[in-house]
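So that you can tell them apart, the chains are marked A, B and C in the order they are listed, and the count of residues begins at 1 in each.
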Amino acid sequence: MLTLASDFGSPYPAAMKGVILSRTDAQVVDIAHDLPRQDPRAGAFWLRETLPYFPPAVHLAVVDPGVGTDRRAIALRVGDHALVAPDNGLLRPVARRLADRDAAAIDAFEITVDEPASTTFHGRDVFAPAAAGIHAAGVDRMAAVDLLSPIDLASCVDLQFPEPTREGDTLDGEVLVVDDFGNVITNIPGEELAGIESANIHGESAPVVDTFDRVGAGERLVTVGSHGFVECDVNRGRGDEAFGLGVGDPVEIVMG
Amino acid sequence: MLTLASDFGSPYPAAMKGVILSRTDAQVVDIAHDLPRQDPRAGAFWLRETLPYFPPAVHLAVVDPGVGTDRRAIALRVGDHALVAPDNGLLRPVARRLADRDAAAIDAFEITVDEPASTTFHGRDVFAPAAAGIHAAGVDRMAAVDLLSPIDLASCVDLQFPEPTREGDTLDGEVLVVDDFGNVITNIPGEELAGIESANIHGESAPVVDTFDRVGAGERLVTVGSHGFVECDVNRGRGDEAFGLGVGDPVEIVMG
Amino acid sequence: MLTLASDFGSPYPAAMKGVILSRTDAQVVDIAHDLPRQDPRAGAFWLRETLPYFPPAVHLAVVDPGVGTDRRAIALRVGDHALVAPDNGLLRPVARRLADRDAAAIDAFEITVDEPASTTFHGRDVFAPAAAGIHAAGVDRMAAVDLLSPIDLASCVDLQFPEPTREGDTLDGEVLVVDDFGNVITNIPGEELAGIESANIHGESAPVVDTFDRVGAGERLVTVGSHGFVECDVNRGRGDEAFGLGVGDPVEIVMG
């Protein structure tokens, strides 16, 4: 199995699929091609929340504002999974989660393609051939793939999500992503809300509930979303608009 | 084969695919993930017009404004097809169509998952495991799937599309859905227009034609669409804007 | 393998997949369903730049403003590839490229379906059955498919992209497409920029660089894109807005 994620929209991912399917008979599964554009941190969030549900696979992900510069292309092996992407931190959160879950080591490789056909579409000319090569060889035989050479994981770009802070009843966090529904997903772990019935977000109160339909249509709510983080949402509406919050904004929650 | 439809946008369906592909080796086919958001009636229309073209399969569909409340999760068996969704009527029109076409009975089951991982993403935590379980067991062995228990179909939420009325030359119908092209699809059966050359929609006349290019670019037309219903369209333009019609609006057509 | 491209948006392609998968066990791969709407020239560009990356396959493409009129439905065979589409030129550029690359002839067939179920959705009722029939029979046995009869390629609608002209240091070209990133792709071959460091587009200068990140975020650039053509782009921004250019616009580039 080979999964494919990018911020490429359409139809660029189709050329990547053609390259892959010309080189290996993988079952190709699209994760998303509308990852937030040129935002490796948001992409890293979605990869971490999605890829661990898959059976062993080669996962190819491209959000690559530095394409064609000297940023490296890398592949990581974590247990039965291989991850392929530009070296901009995109893979680190999901690699950590897989390594923790499976008590597996993370091995890193640099991908080198001599004179790729383009300087602007490495998804097609560098990453797709590398991912197909890994799939064809098998994840356990990655080290034998021509395009790969072992490197030190510590030399790869890291990416950490910011940690929230708590002082008394006040939590200070940040918006990590806004999803397609307009749900505002913060970096505050859901456990922080245990036993709390309402929260004050930037001066306005909202009930803390376990699901959307506990409040009326169009009403604001605070809940623990499916990723385990505190979300600021609206039932049958958009939380980002109602709370006036976007990616990267600080979120102050006063509990009680 | 396992088909997947939702109003989840992106990338939530990817987590569902991961759950499914971890449990069964189904060929997964996306129907759409941009079904009209939190509108079970519109979703029910598209499922009815799409799923019957498929060979025998497990069909998973999630448009679920009541997620996490006490609405049930259900599965229906109609001949060789299994249908999995929240119990909000989403499946009833397609189940009726399959039952009529194949002269098959409809058997109903409740899906029970103990303590799902989230209260807001039952697509991943309830429906995907149930659909994968049915696929792994086989549709003819649904009754043996752990998560399912038989229930009375009559206890499930029904959903009927409104019926148009006719008085003399005047048809009174309703807009069921507007498609991606802006075509306005009503609930009026195409046969009503047989032999008619023009129709008066809310006071303005439009020709009744068999296809778009019978009128000039940008001009309004009335036709029988590919679903068999009367549509109010514009050649190479948007009917919803030209006719000022949206989902749920009444449509009065005077023939002649 | 069977690839699927259209301007149908969602969920119409799902009905086509159902028809195909009911008739043949093809691996179905989506190219794109948001090809520029009812614009065969832009669709022809994307097909030419995408399909040649695929292994031998049946390629079905529908951008069809003339659906239901007397425009023909056709299939082309080029080496191991079959191409199925309305006869409006959509297939000609990709067929020429495949024929040149593989030194293959192009054989043409007309598709005839008696009384298709609709006059407005031939993707489902004409093209999908034809593509499935070709896949089931095998591309090398296309001539034996019931729905196909041989025709003269010269009788099919041709579609040529406009050629740019050069006079001294001035290149006069045209915008062929604008991609999802807002990159403005012209018909000017990249070789024209060899050795040039800056270009003057409609009176304003922009650097000629090999990739986006050579200029600051939000700054304009001219580059040779992944298709080999001159593009007018913005690093981490939209070239179409910054240059004020859209599909079909003339582009005058003064080099130096």
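Observations, loosely collected:
Simple rule for what comes next: contacts are C-beta pairs under 8 Å (C-beta built on N, C-alpha and C of every residue); 3 or more make two chains touch, one makes a residue touch a chain.
Keep in mind that this is a model prediction, so the values were computed, not measured.
Shared contact partners of chain B and chain C, listed by label, are A.
In summary, the pair chain A and chain B forms a contact in which the copies contribute largely different residue numbers, shared numbers making up under half of all those used. Rotation angle for the C-alpha superposition of chain A on chain C: 120 degrees, rounded in steps of 5.
Centre-to-centre spacing of chain A and chain B amounts to 31 Å, using the average Cα coordinate of each chain. Listed for chain C are no residues, as none touches two or more other chains.
Partner chain B is touched in their complex by these residues of chain C: 8-12, 14-15, 17-19, 21-22, 28, 37-38, 65-69, 117-121, 124-125. Only residues 1, 3, 5, 29-35, 46, 49-55, 179-181, 210-214, 223, 225-226, 236 of chain B touch chain C when the two sit together in their complex.
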